[in-house]
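Following this line, the structures themselves.
Below are two complexes that have subunit A in common, paired first with subunit B and then with subunit C.
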Partner chain A sequence: MVFENKNSHWIDAYTRKFEESFKSINLLDNKKEYWRFASPLIWHDKLPIKKFQETRSSQSLKFDVTKYSFLRFNDGILDTETLKKFINENKNIEICSFKDIFLKKDHWSSLKFSKAQLKAEKSYERPLALFNGFNAGDGVFIKFKKGVKKNLHIIYEGKNEKNNCIRNLFDLEENSEIKVFEHFYGNSKYNIVSELFAADNSKLEHCKIINQDISNSVIYHFFGNCKKNSKIKTVNFSFSDNPVRNETNLYLEGTNCETTVASMGFGKKETSICDNTVFISHQEESCKSRQIIKNALKNGAKAIFQGKIFVDSKAQKTDGYQMSNGLILSDDCEFLVKPELEIYADDVVCSHGSISGTLNEDHLFYLRSRGIPLIEAQKKLIQAFYSEILDEVSEDNIVYYIQNQISEMITL
Partner chain B sequence: MFEIKDLHVNISEVEKKIISGINLKINPGEVHAIMGPNGSGKSTLSYTLSGKEGYEIEKGDIELDGESILDDEPDERAAKGIFLAFQYPIEIPGVGNLSFIRTALNSQRKFNGKDELNPAEFLKILREKADFLNVDMEMLKRPLNVGFSGGEKKRNEILQMALLEPRFCILDETDSGLDVDAMKQVSKGVNFLRSENRSFLIITHYQRLLNYIKPDFVHIMAKGKIIKTGGPELALEVENQGYTHLLN
Partner chain C sequence: MSELKLEAKQGIDQQTINSVKSLGESYKYGFTTDIDMEYAPKGLSEEIVKLISKKNDEPDWMLNWRLEAYKRWVKMDEPNWPMLNYKGIDYNDQYYYAKPKSLEKKPKSLDEVEPALLETYAKLGIPLKEQEFLAGVIGAENNMDTKPKKVAVDAVFDSVSVGTTFKDELEKLGIIFCSISEAIKLYPDLVKKYIGTVVPRTDNYFATLNSAVFSDGSFVYIPEGVKCPMELSTYFRINAENTGQFERTLIIADKKSYVSYLEGCTAPMRDTHQLHAAVVELVVLDEASIKYSTVQNWYPGDENGKGGIYNFVTKRADCRGVNSKVMWTQIETGSAVTWKYPSCILRGDNSQGEFYSVAIANNYQQADTGTKMIHLGKGTRSRIVSKGISAGKAQNTYRGLVNIHPKAANSRNFTQCDSLLIGNKCGAHTVPYIENKNNSSRTEHEATTSKIDDDQLFYCLQRGINEEDAVALIINGFCKEVLQALPMEFALEAQKLVAISLEGSVG
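Right, the complex of A and B next:
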C-alpha cells in the first residue's frame, strides 16, 4: 500500500497504479491479439477532436417520468440538479458523484472500487480503461440496497472538444432489480468505465444507445462481477459514424448466474467502426451466458467482434452460447470476427457461430411481390435482422425509438 | 385484359431456356388453368409474370390492358393488380405477419393514390377476411409463415390475396400438399373472389382442384410451351389418361 499522508485520498493509490500500468504499455505495439483488428490509437489518438457542429437533432427518447429517474452528464460532468432531484426522490438508494467522493474520507465504494476492473486486467491489459483510471473527471456511484427496484435513465450529452473520461460504479445488493438505460448524443468524445457488482439474486437490465449524431469516438468498458443467481443483461445499440468499442467483461462468480450480452451496430460510413469485445468468465457451476452480436454495414463501414467464453475447471454444467451475424449491404464493408472458447471443465455445453451475408433475395422478392417498394422491403428485412436484439429490450419506447433510428438510417 | 405474347424466357444463372413461346389472352372474369408435368416451366412462368429477377426475357411481351409491364418492378406490378400465390411460401423470421400485410396493403393504396389505412381500419378488414377463410388471428401475430404448417402457409397466401384484391391472380400449385378440407377452404376463398373484373391463372398438377374451382379454359403446358387448350373436359382427360399421350 501507499503511505498515507493527510492530503492523500484512498483513491489516489489506485490512480497511481493505473497510471504506472498505462505507461508501461506501448500503444503502438500492434502484435497484441486483443487489438488485432483495431488499434487502441483509434480511441486514443492525438488527432484534434472534431469541433462541435450543430447536427440535425435526433428525435429524443422519452421515458415515463413516473417510472424513471434521470441523471444527466453535460460535457462529462454530472449535472448537480438531476443529482439533487435523484437524491430527493430515492431515499433507499445511495448515490454520489465520482467528483464528490474525493471530498469524503470514507465511502462505501472504497470496498468495491476498481475490483472488477483489476480482475479483468489479469486476463488482458486494457490500456484505455487504465487511462480512464487516472483521468476520470466525474461519474456516478450508486448503491441499490437490498430488494430495491429502480429504473434509471442516464443521458450523456455535450459539445466540448475534450476526451471525457467518466467512471461509474453500480452496486446491486441482494434481490435488487434494476434497469439502467444510457443514452449518448451530442459531439463529445468518451472514455467510460462502468463497474458492476451484482450480489446474489440481483437483476440488471442495462441498455446503451449511441446515437448517430455522436461525432467523436466512444470506448466503453463494462466490468461486472456477478454473484449467485444474478441475472445480468447488457444490450448495446450503436448508430455512430465514428469508432465505438464496447468492452464487456463479466465474471460469473456464483452458481446459476444468467448473463446476456447483445449488441447491434449499424455502420453507414467509412469512418464507422463498431467493435464489440466480450469476455465472459465462468468461474462457478451451472451458469448460463449468451452473446448475440449483429452488425449491418454499408458504404465501407467496419465491424469487429471478439468474443471469448472462458470456463474454469470448477464451472461444470456451464451453458455458453455465442452468435454473431453480419449483414453486408455493400461490398466494401468488413465484419471481422474472432470467437474463442477456452474450456477447462468437462461437463459443459458451449456453442458459437458466425454468419455473414447480404439481404436474402427470395425474402426481398416475396415482400415486393406484395407491393412493398424495394426500400421499404429492405427496411423490413434489416429490422428483422435486428429483431433478436430488440427482443431483449423490455421497454417498448426504446424498441420504437431504435426501429425509427434504423428506419431513418436506411433512407439516408 | 392480361396478355402474354410469344414469351421466351431464359434462367440467367444457368443460361437455360425454360419458356419457349407462350401466347395467352386472359379476359376479365375468366379463370384459366395451366396443367403440366413437373419441370414444364409453370413456376418459371409465374415468376416471370410477377417480375422476379434472374428471368431473362429473350423475346415477347407481357401486357396489362394493352400496356407492357416488362419494365415494371415486382412491387409496381403488384400495385397494378398482379398477385402470385407462391408454390412454396417462404418463412421470413423477424418480419411480423400483421405489419407485413398492412405495409403491403398501404403501399399498394399509396401507389394507386388512395389513403392509407390506419391500424384500426386495417385490423377490422383483416379480421373479417381471416374469419371467412378460417385463419387464426393468433397465428397472424407470429413472424411471417414461421412455424406455419404447409396448409397454413397456403391459406395465408389466399388471405393476402383476399386483402389485396388483385385484378389478376396467379395460383401456383396452391393445392399441392393440402388435404381435402384445406383444399375446400382455399377454393372457397378463390370462388368468393371470382368476379367479372378479376381473372385467375391457376397452375396445378392435379385435376382435383378444378372440381372445386371451375375453370373456363384449361391449357396443357409441356417443355415451356402450351401444347393444347380446351375446356374443363381437358383436365379430366389428363386425370384419366395422364400426360404422355398428349406429349407425343
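Right, the complex of A and C next:
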C-alpha cells in the first residue's frame, strides 16, 4: 500500500479490487484485441525510465491569471501552495487532494469514486487503469457546484525517475461550465486516470497538451459519464517523441448529449507512438458524438487509432461520426487504425472515415508555383491538415502556442 | 421482356422468378430429396480421413497431406473472436462423407436415373440436357446444345461431384474443369504444385478441418493466353441430414488468361444445424484475371432461428503475377451463421484486388464477413465495396483488413462499407483494420450506418408503390454497385433473392 493509514478506509475496498483484477490479467498475452497494435508493457515497465536531463525548454504557455486558476503537480504530488491559493480564491468549488481524502472519513467523492472507470472496465479490461487504481500517489478531486463557471489550468511537471500515478475526479453539477487545460512538461513517466461526472446541462472543455520535451511515456485514461444535455469536449495534443496513449471512454447516459473527442499527434522519431483509443457508448436517445483524429508521422513514428461507437438499442436518433487521418511524411512510418461501429438501433446516422497518405503533390505544386519554397509549402499544408483540430479549441493563446510548436517541429 | 429472354438463355433463373411471384414463400430451396445415400460412419477420426481418401481413390501423397492436416486440427481451438453467437458444434455428430447410391453405376438414359435425383435438379432449375448429364447418363455430353451463351456446370451433391458439363468443349481450349477428386487422379502434378499454397493446411481451424476431410470440389486450370469462353459454375447442395459439406475449390489462371467462375449453394430445411466448411484457392499468374462470383443461399433457419447452415469458409486469392487481377463478388443471403473473408494477397507488382459484397441477415441470422487486402507488390490497388443489411433479430458484421506493406510503394486502397438497419432488434457492426506502412501509398475508408431513408420511402409510397415493394426497390438501389459487378446470369437472380430474403421484415 502506498498510504500508511492503519484504519480501514472506504477507498481500500476499491484498491483491493483493482489490485486483484490487475493481477488476473496477463500483460504478455499479445493476442488481446485491446492491445492489438501496441503492448501495454510499453507504458508499464518495459521501457526503462530515462534519467532526467535538461532539454531545450519549449516556450511556456502563458495564461491570463485573472481568468484562470492554477494547480501544479511536482513529481506526481499536488503542490500545496497552489492548492491553498485555489481554495482561497474559489469558495464555490470543493477541492481536495487525493492524498487528503484518506484523512477524511466521509467525502462527497465516495458516491462517485471509480464508478466511471468500473463501467468502462465492463467492455474491456484496462490493465493500466487498474494499476493506477492501487498505485495512485496523489491527484485532485474537484466538485464544481451548480451553475459555476471556471477555467482551470493544471500543470504536471516532474524530474523524478518514477512512474507517477495520478488520479483525478471532476464532478460537474447542473449547469456548470468548466474549462480544464492540462499541460505536461518535464521528464517523468505518467499514468493518469481522470474520471468525469457531468450532470444535466453541464459543459466541459478539456484540453491536454503533452510537450515534446517529455522524455518518458504517458498513458492517460479519461472516463466520463455524461447526463442529459451535457456537452463534453476533449482535445489532445501530443508532440512527444515517446509513447503516449490517450484512452477516452465516454458513456452518454442522458438524452441530447454532445461529445467531441479530438486528437492530434506529431511523431518525429522512431520511439514515438501516439495511440488514441476511444470508446463512445450511446445509451440514450438523440445524442451526438464526434471523433476526429489527425496524426502526422516522420522518421519511423507510429500512430494508432482504435475507436468505437457503440449504440444501444435504446439510443435512437444517434448521430455518430468518426474520422481518422494519417499524414505519412517518411517511408518507415506506420499508421494503424481500427475505427469500429457497433450498432443495435435502427434510426441512427453513424459514419466513419479514414484516410492515410502523404502530402498531396498537386497542393504542393500549387503553392510552389506561386513562389512559396518547398519547406514553407509543406509547413502550410501540415498546418492546414491540423486546422480542424485547432478549431475545436476556444482559447486563442493555446491555438497560437500549438501553431508555434508545429512550425518549430517541421523545421526540426 | 427481360425475364423471357432470360428464360431462353438460362434455365437457372426461372425458378427464382417464379418463386418471387408466389408470395409467402421464404426459402424456395428448402425441399429434401429422398435418395438412398451411402454414408461414412458418423464422427471424425483418422480412420474417417483414410476412408474418405480411399473412397476417392487417392494417391498416398494426398492421404498423407490430409492426415497431417487432421493431426494439426486436433490441436487447434475453434476461433471465438467473431461477433457470432452459436451453440458449439459437435464435430463427432456429423457425417463427413455422403454419396447418392445411384451414382455407383452409370445409368444409360434418363429413365434409369433415380427420379428423386432428377427432380432435385429440376427444382433447382437446371435445364434438362444438363440434368441428363449431371445424372450421369452415358453419351449425354454429345447431346448438349451449343447455343452461344453457355455456362459449364459442376454440381456437388453432399460430398461428391455428380458431374461436369461442357467438358469436351473446354478441353479443346486446354481448359481443365473437373471435380477435384478427378483432378487429383488425372493431373496430380498440377494439384500437387498448387494445393495448399494459397490457404495452407495450417491456416485456420476450419481450413485445417477442410484439408483433412474435403471430399470433393471443383478444379479449374486455364492455360496460358486462354480466355475462357463461358462462365464456369459450381453448384453445391447439402442434402443429407447431419452431413457436413467440405468442398475445396482450386482455380489456377495461367499467364494472360481469364475466367469467370460462379458458385451457388442451397440446402434443404432441417431443424438441426448443418456444417459447411469450404476452402477456395485462387492462383493468378502474370496478367491473368479471375472473376469469382458467389450467390450463397444456404438454408438460413426458420423465423425462430431453428436450423440453418453454419457456413465457415476460407477463400483466398494469390495474385502472384504482375498486373494480375482478382474480383470477388458475393451475395450472402443464406446460412444461420456466416464466417467468411474472401481475401486477396496482392503479391505481383501492379496487381489488383476487388471485393464486392452484399450480406443480408434476417430473422436470427448472423453474418461476420468481409475481406482482407494484403498489399505486398508495388503499385497494387484494391477496392472494397461492402453492403450489409440487417433485419429482424439478425447481427451483421463487416470485418476487413487493409494492410499496405512497407515495400508496397504507390499502392492504393479504397473501401466503402455501408450498413442498413431494418427494425430495432437487429445490429450492424463495422470492424475495419487499416494498416498503412509507407508514405507513397494511400488508403481511403468510409462507412455509414443508417436506416431506410424516410424521404425515399415516402417518394415511392406517394407514387402508389406498396411498402414492401418500395423497400425492395430502395434496397436494390442500395446494393446496386455490387449487383452490377455480378455476371448477367446471377445479377437478376440476386436481385430477386435480395427481395425474398427480406420478405416480411418491414412493418
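What we mean here is this: the second predicted complex is superposed on the first by the 404 of 412 C-alpha atoms of A that agree within 3 Å, B and C clash if a C-alpha of one lies under 4 Å from a C-alpha of the other, contacts with A are read in each partner's own complex, and residues count from 1 in each chain.
Criterion: a contact is a pair of C-beta atoms (placed from the backbone, for glycine too) under 8 Å apart; a residue touches a chain by one contact, two chains touch by 3 or more.
Since we're looking at a predicted model, the values are computed, not measured.
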{"item": "Subunit B versus subunit C as contact partner of A:Asp79, first or second or both or neither", "value": "neither"}
{"item": "First, second, both or neither for A:Glu388, with subunit B first and subunit C second", "value": "first"}
{"item": "More subunit A residues in contact - subunit B or subunit C", "value": "C"}
{"item": "Contacts of A:Asp347 with subunit B and subunit C, given as first, second, both or neither", "value": "second"}
{"item": "Subunit B versus subunit C as contact partner of A:Asp275, first or second or both or neither", "value": "neither"}
{"item": "Which superposed partner A:Gly326 touches (first subunit B, second subunit C, both, neither)", "value": "second"}
{"item": "Which of subunit B and subunit C A:Glu334 touches, first, second, both or neither", "value": "second"}
{"item": "Which superposed partner A:Lys380 touches (first subunit B, second subunit C, both, neither)", "value": "first"}
{"item": "Subunit B versus subunit C as contact partner of A:Phe365, first or second or both or neither", "value": "first"}
{"item": "On subunit A, positions contacted by subunit B and by subunit C", "value": "none"}
{"item": "Subunit A - residues contacting subunit C, complex", "value": "33, 313, 316, 326, 328-358"}
{"item": "Contacting residues of subunit C [partner subunit A, same complex]", "value": "81, 406, 419, 421-451"}
{"item": "Parts of subunit A lying in touch with subunit B, wherever the complex brings them together", "value": "361-363, 365-374, 376-377, 380-381, 383-388"}
{"item": "Subunit B residues touching subunit A - in the complex, by the definition given at the top", "value": "50-53, 73-75, 78-79, 83-84, 86, 89-90, 92-95, 99-101, 103-105, 107-108, 111, 143, 160, 164"}
